[in-house]
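Each structure below is given as C-alpha cells.
Two complexes are shown next, each including chain A; its partner changes from chain B in the first to chain C in the second.
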Partner chain A sequence: MANLLWLQGGACSGNTMSFLNAEEPSACDLVTDFGINVLWHPSLGLELGDNLKKLLNALTSGQMPLDIFVFEGTVVNAPNGTGEWNRFAGRAMRDWVSDLCKVANFVVAVGDCATWGGIPATAPNPSESQGLQFLKRDQGGFLGKDYKSKAGLPVINIPGCPAHPDWITQIVVAVATGRAGDLTLDEFQRPKTFFTSFTQTGCTRNMHFAYKVSATEFGQRKGCLFYDLGCRGPMTHSPCNRVLWNRQSSKTRAGMPCMGCTEPEFPFFDLAPGTVFKTQTVMGVPKDMPSGVDKTGYIKLTAAAKAASPRWAEEDIFVV
Partner chain B sequence: MSAAVQTLDISPVGRVEGDLDVRVDIQNGVVVNAWTQAELFRGFEVILRDKDPQAGLVVTPRACGICGASHLTCAAWALDTAWKAEVPRNAILARNLGQIVESLQSLPRHHYGLFMIDYTHKNYSHSKYYEEAVKRWSPFTGTNYELGVTISGRPVEIYALLGGQWPHSSYMVPGGVMCAPTLTDVTRAWSILEHFRRNWMEPVWLGCSFERYEQIQSYDDFMAWLDERPEHANSDLGMFWRMSLDVGVDKYGQGHGKYVSWGYLPHEDKYNRPTIEGRNSAVLMKSGVYDGASDTHKLMDQVYTREDLRHAWYDEPGGMHPFERVTKPVGKNPVDYDNKYSWSVAVRHDQNGRLEAGPLARQLIAGGTHGESWQHFDPLVLDMYKKLGGASVMLRHFARMHEGVKLYRQAEHALREFRLNDPWYVKPTEKDGKGWGATEAIRGALCHWIEVQGGKIKNYQIIAPTTWNVGPRSDGGELGPIEQALIGTPIADMNDPVEVGHVCRSYDSCLVCTVHAHDANTGEELARFRTA
Partner chain C sequence: MNNEQQHALLRKMAQLMKSGLETQTEPFPETEKEFAAILDELRKLDANDVEAKMVISGFVDHPYGPDRQRCMECMYYLVHREWCDLPELAVPVDADWWCRLWRI
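Coming up: the complex of A and B.
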C-alpha cells in the first residue's frame, strides 16, 4: 500500500484532467488494482470535513509515511519570495512543498509547470514561478540541484503541457510496485523510456519531411509542418507519435505543429511577436535544425531531397 | 436570546481547480454571511502583454485545463474579430465540435468525480437511498463512479482527432482550424459518440432513450417520466433527483436570481465574417440576461461588462470595462474582509448588477422567447425554476446534466454537416484592432478581450465563469453569486460542513475550495476544513 499525495501549485489542472483520461491503468485502477492509497488530491477523493492541515502535518512530521508526492503546477514565490500569492490551507504552498519534499520517498513533478516552470514562468514571470528542480534549462529550481528524495532520487520529471496520462500512470505504478530501480533519467531528469526518441518518430508527415514538402498553410492534409509552420517535432524529445494521445492521434498527425512542450524552453522564444506558428529562418534556412543535423548537411540534404521528391509527395495522400 | 454567530473558514473547499477559500458566519445552524476568496494568482494577462498576437491560442487554454477548448474558442474568435478574418463553415463546425466534446467529457467527470460522491457522506446515512448511493457513487470503487469517470475520457478522443490531443491543443486559429479531417476521422468520431451514448448516457444516466428524454418539456412531464418506469427512477438521474429531495438539497443554494449567458455555438453559415456586434444573432444557443424576480429576458451585450476591484487584490480604479483594464496586482495580499480579500474581481452588468453564470443560467435563458426564431429554445428548466420556487443546489446540478442530450445532438449535427472537400482555413491578414471572443464553457460564461497594437498584444483580458461566480463583494457591498447562494445554507455538523461544499460544487467553480471555522464574536478559529 503506497501512500500518494497530489498537490497543485500554480496549475491549471490540465495534468489532472489528462491523468483522468488514462485507461491502462485508469485512475481508478491505481487504487483498486495497485493498492495506491490516494491520501488527498485537489479534485478527487471524499473525506469531507477532514482536517487537511492535520493530514499534512502528520505527513511532514513523519507520523504518516509519504511514499509518493506528486506535484502539479509551479512553485509560486511571489511576492518577493514569500509565496503568499499561492496560499493553501492557510499557508504559502511553497512552504508545504518544501516540508513535504523532505519526507517523501519519491517526488514526481507532473507537467511543464512543475518540471521547468512552463507557461506561468514565461517572461515576465509575474508569479515568480519555478519548477521543482529546474527553471527552464537551469538545474536547481525550487529545491536546489542537490536535492534527493528519501529514496535517493532527484525529482522525477514528467514534462509535457500536459503530461500524457500513460507517462504519469506508468511511472506512478513503476514506483509503487518497487520498480523505481528500472527508471533511468536523462540530463533533465526525464524517464529515458519516454523521452529519448523525438516527436517526429512515428509522425505520419515524416515522408513529407524527408522530401521537403511543406504544409504552407493550416488545414492541409499533406506536407510537413517543419518548414513553414514552426513544428518542433525533429528537435523535441517526446513519444507523442508512438504513444498516441487519447488513444487516437497526435498534434502533428492532426495538423498542428509540435510546440516542443516536453523541452524546458516551452513556450519557445517566450512567445515574442512573430514566433508563434511560424518557422524562424535565417536566409531561408530554419534557425533551429533537427537534432544532430548541421546547417551544411541540412542544405545538401534539402537539395537532394527536393530533386528526389516523388510526385505523390505533392498530392493529397490522406484523401477524404 | 440571539444565538452566537460562529464563523467557519473552509480552506480549501476542494474538487474544483485553483484555490478557493470560503468563510461563513453561522447562526442557529444556518449560514448568515459568507465570503469567497480566490487564493492563486498566475498573471496570465500580464504574461500576454507585448506578446505575439496569437500567443493567446497557446497561453489561454492553459488558464484552465478543465475548459481549455472553451478558452481556445474565445482566443480564436477574439483574434478573428480583431483581424476581420473569414472563417469557413467547416471550421465553425470543427470549433463547435471540439468545444462540445470537452463539455460532454465534463458531464460524467463532474457528476461522479466531484458532485455525487458527496451523497455518500455519512451525513446522509439516515436517507433511504444511502446504501444504494454508497454502492454507486463511492469514490474510485463505486460501480457507477468507476464507469462514469473512465468513460468520461471518451468524448475528448474526438477532440484528439481534430486537434491531436486533449487537453491543451491549439488547433483553432484565426481563419479557421489547423486540421482537415478525413472520412475515417468522421466515422471514428461517430462511433465514439455512439459508444458514449450506448454505454453511459442512455443506460446509466437516463435509463431511457434520447428520444424519450427529449419529450420532456415541463416539470410535470419530468415527474411523469420519473414515475413511468423503474428504469427511469433507478437511473442515475432518477436517483439523483429522488435522493436530492430526500436529503434536502432542493432547499438551499438559491443565490441572486439574476443570470447571464454569452450564448454559444455560432451557426456555421451565419458567423463567417465575425464581428463583435454580429455575434448575438449568429449563435445557436442564445445569449441573455434573465431576471428571476421580474421574469424577464434580455440579450446580453459585452459593452455592459464591468469589473469592480474594491475587494480584489489589484491596484487599479474599479468599475472599468475589460478593454480599460491594465491588471496590476497588489504587492502584498493580506486577507482583509473589509477591504481586499480575493484575486477574483467582482464582475457585474452595468445595468443589472451581479449575475450568476453557469449551466443553470444557460437553461433559464434557453427558456426565453427573446432572440431569433431559429435559435435554440428549451422551456424545461425555466418551468422547473418557477414551479420549484427558484434555484437550489439540486436545480443547478440538474441544469448542468440536462444539457448533455442537447450537446450530443449538436455534435451529431457537426459531424453530419462537415463538407470534407471544402476549406477548413482561410489565411487572414494580420492587423491591429480590438477583438472579443466569447462562449459558454460547461461551467458558464467565458470571454476574452484582446487589443492588438503595433503587431503585438497591448491588452488581453479574460473573464471566466468562475470570475462571475466566486467574485468578492462589489463596490456597493453586494455579495458575489456564491457568497449570496451560501446564505441560508443549513449546517448539520459544524465539524463537517458538507452543505457548503454542495453549494460551491453546484456552481462547479474552477477553484479548489477550503473552509475555515471561526467564532465571529471572539474571532477565535474553531477549525479548518476542506470540503473535498
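Coming up: the complex of A and C.
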C-alpha cells in the first residue's frame, strides 16, 4: 500500500481533469488494482478544514509515511517571496510543498506549471511562479537543483498542458509498485519512455511533411501543419501520436498544430496575435528547424521532396 | 476554376510580367509580422484582381535572389496542379517564378 498525496498550486486544474480521465490504468485502477492509498486530492479528497490540516501535519511530522507526493500547478512565491497569494490549509502552499518534499519518497510534478512554471511563469510572471525543480529551461526551480526525494530521485517531471492522463497514472504505478529503478529520466527529468521520440512520431501527416505539402487552415484534412500553422511536432518530445488522446486522436490528427507544450519553453514566442500558430521564419526559412536538421540540408531536402512529390500528396485525404 | 481557365490565367500572368509589369519585389518580409502585413494588404483586394495580387506580392517570372529562390521549392506550391496554395493568392504559377511571399 503506497500513500499518495496530490496538491495543487497555481493551476487551472487541467491536469486533475486529465488524470480523472485516465484509462490505462484509470484513477480507480490505482486504488483497486495497484493498492495506492490516495490520502487526499483536490477533487477527490473528503477531509476539510482541521481534519485536512491534521492529515498534512501527520505527513510532514513523519507520523504517517508519504510515499508519493504529486504536485500540480506552480509554486507561487508572490508577494515578495512569501507565497501568501496561494494559501492552503492555514499557511502558504509553498511552505507545505517545502515540508512535504522533505518527507516524500518520490515527488512527481504533473503538467507544465509544476514542471517548468508554464503559462503562469511567462514574463512578467506576476505570481512569481516557479516549477518544482525548473524555471523554464533552467534547473533549480523552487526546490533547487540538488534536491532529491528520500528515494534518491530528483522530481519526476511529467510535462504537458495538460499532461496525458496515462502518462500520469503509468508513472505513478511504476513508482508505487517498486519499479522506480526502471525509470530513466532525460536532461529535463522527464521519463524517457515517454519523452524520447517526437510528437511527429506516428503523426498521420508525416507523408505530407515528407513531400512539403502544407495545410493552410485549422482542421484541414490534407497537408502538414508545420510549415504554415506553426506545428512544433518535429521538435517536441512527446508520444502524443503514439499514446493517443481518448484512445483515438491527437491534436495533429484533428488538424490542430502541436504547440510544444511538453518542452520547457512553452508557451513559445511573444503570444502576440498571429505569432503562435505560425512557423516563425527568417527570410522565408523556419527559425526553428526540425531537431537535428540544418538550414542548408533543409533547403536541399525541400527541393528534392517537391520534385518527387506524388499527385496524391496534393489531394484532400481524410486523416484521423 | 477548370484546367482551361487555369491555363488561360497562367498565360495572362506570364504576359503581364513579360510586358514589364512592375511588382513590389522588395522589401522581402524578413519576419513573420512583415509577412502578415503583406497578407493583410492582399486580403483587402477583390479575389479576382490578379494584377493587383501580383504587384503586392512581387511576382517575377524567373528565379530570384542569390539563392535562386523559385516557386518550385516554396511551401505553397503544388507541383502537380502548378498552383499557389496560399489562400490570399490562390493563382496558377510556374515552377520557375518567384514572389516575395516565398517560404520554405
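We take it that the second predicted complex is superposed on the first by the 308 of 320 C-alpha atoms of A that agree within 3 Å, B and C clash if a C-alpha of one lies under 4 Å from a C-alpha of the other, contacts with A are read in each partner's own complex, and residues count from 1 in each chain.
The rule we apply is simple: a residue touches a chain if its C-beta (ideal position, glycine included) is under 8 Å from a C-beta of that chain, and two chains touch if they have at least 3 such contacts.
Just so we're clear, the structure is a prediction, and the values are computed from it rather than from any experiment.
When both complexes are superposed on chain A, chain B and chain C end up sitting side by side without clashing.
Using the contact criterion defined above for the overlaid structures, shared-chain residue A:V285 touches chain C, although it does not reach chain B.
Using the contact criterion defined above for the overlaid structures, shared-chain residue A:C28 touches chain B, although it does not reach chain C. In the superposition on chain A, the chain among chain B and chain C reaching more residues of chain A is B.
Using the contact criterion defined above for the overlaid structures, shared-chain residue A:Y227 touches chain C, although it does not reach chain B.
In the superposition on chain A, A:S43 makes contact with chain B only, not with chain C.
Once chain A of one complex is fitted onto chain A of the other, the partner contacts of A:V107 are absent, as it touches neither chain B nor chain C. Rounded in steps of 10, the angle chain B-chain A-chain C defined by Cα centres in the superposition reads 90°. Contacts of A:M17 after superposition on the shared chain: chain B is touched, whereas chain C is not. In the superposition on chain A, contact of A:K212 is made with chain C only, not with chain B. Residue contacts after overlaying the shared chain place A:C161 against chain B, while chain C stays out of touching range. In the superposed model, A:L153 makes contact with neither chain B nor chain C.
Measuring only between alpha carbons, the smallest separation of chain B from chain C in this overlay is 7 Å. Residues 217, 274-275 of chain A are contacted both by chain B in one complex and by chain C in the other. Only residues 28-33, 35-36, 67, 69, 72-73, 75-81, 85-87, 102-104 of chain C touch chain A when the two sit together in their complex. Per the touch definition, chain A reaches chain B in the complex via residues 8, 10-18, 20-23, 26-28, 31-32, 38, 40, 42-53, 74, 76, 78-80, 84-90, 118-120, 122-127, 129, 161-162, 217-221, 240, 244-256, 259, 261, 267, 270-277, 318-320. By the touch criterion stated above, chain A contacts chain C in their complex at residues 212-214, 216-217, 227-228, 274-275, 278, 280-286, 298-299, 302-303, 306-307, 309, 311, 314. Here chain B touches chain A in the complex through residues 11-12, 14-19, 21, 39-44, 46-47, 50-55, 57-59, 62-66, 68, 91, 109, 113-114, 117-118, 120-121, 123, 138-141, 145-146, 149-150, 152-153, 156-157, 159-171, 173, 175-180, 182-183, 188, 329, 331-333, 343, 420-421, 423-425, 427, 455-456, 493, 495-498, 501, 510, 512, 514, 516, 527-532, going by the rule given at the top.
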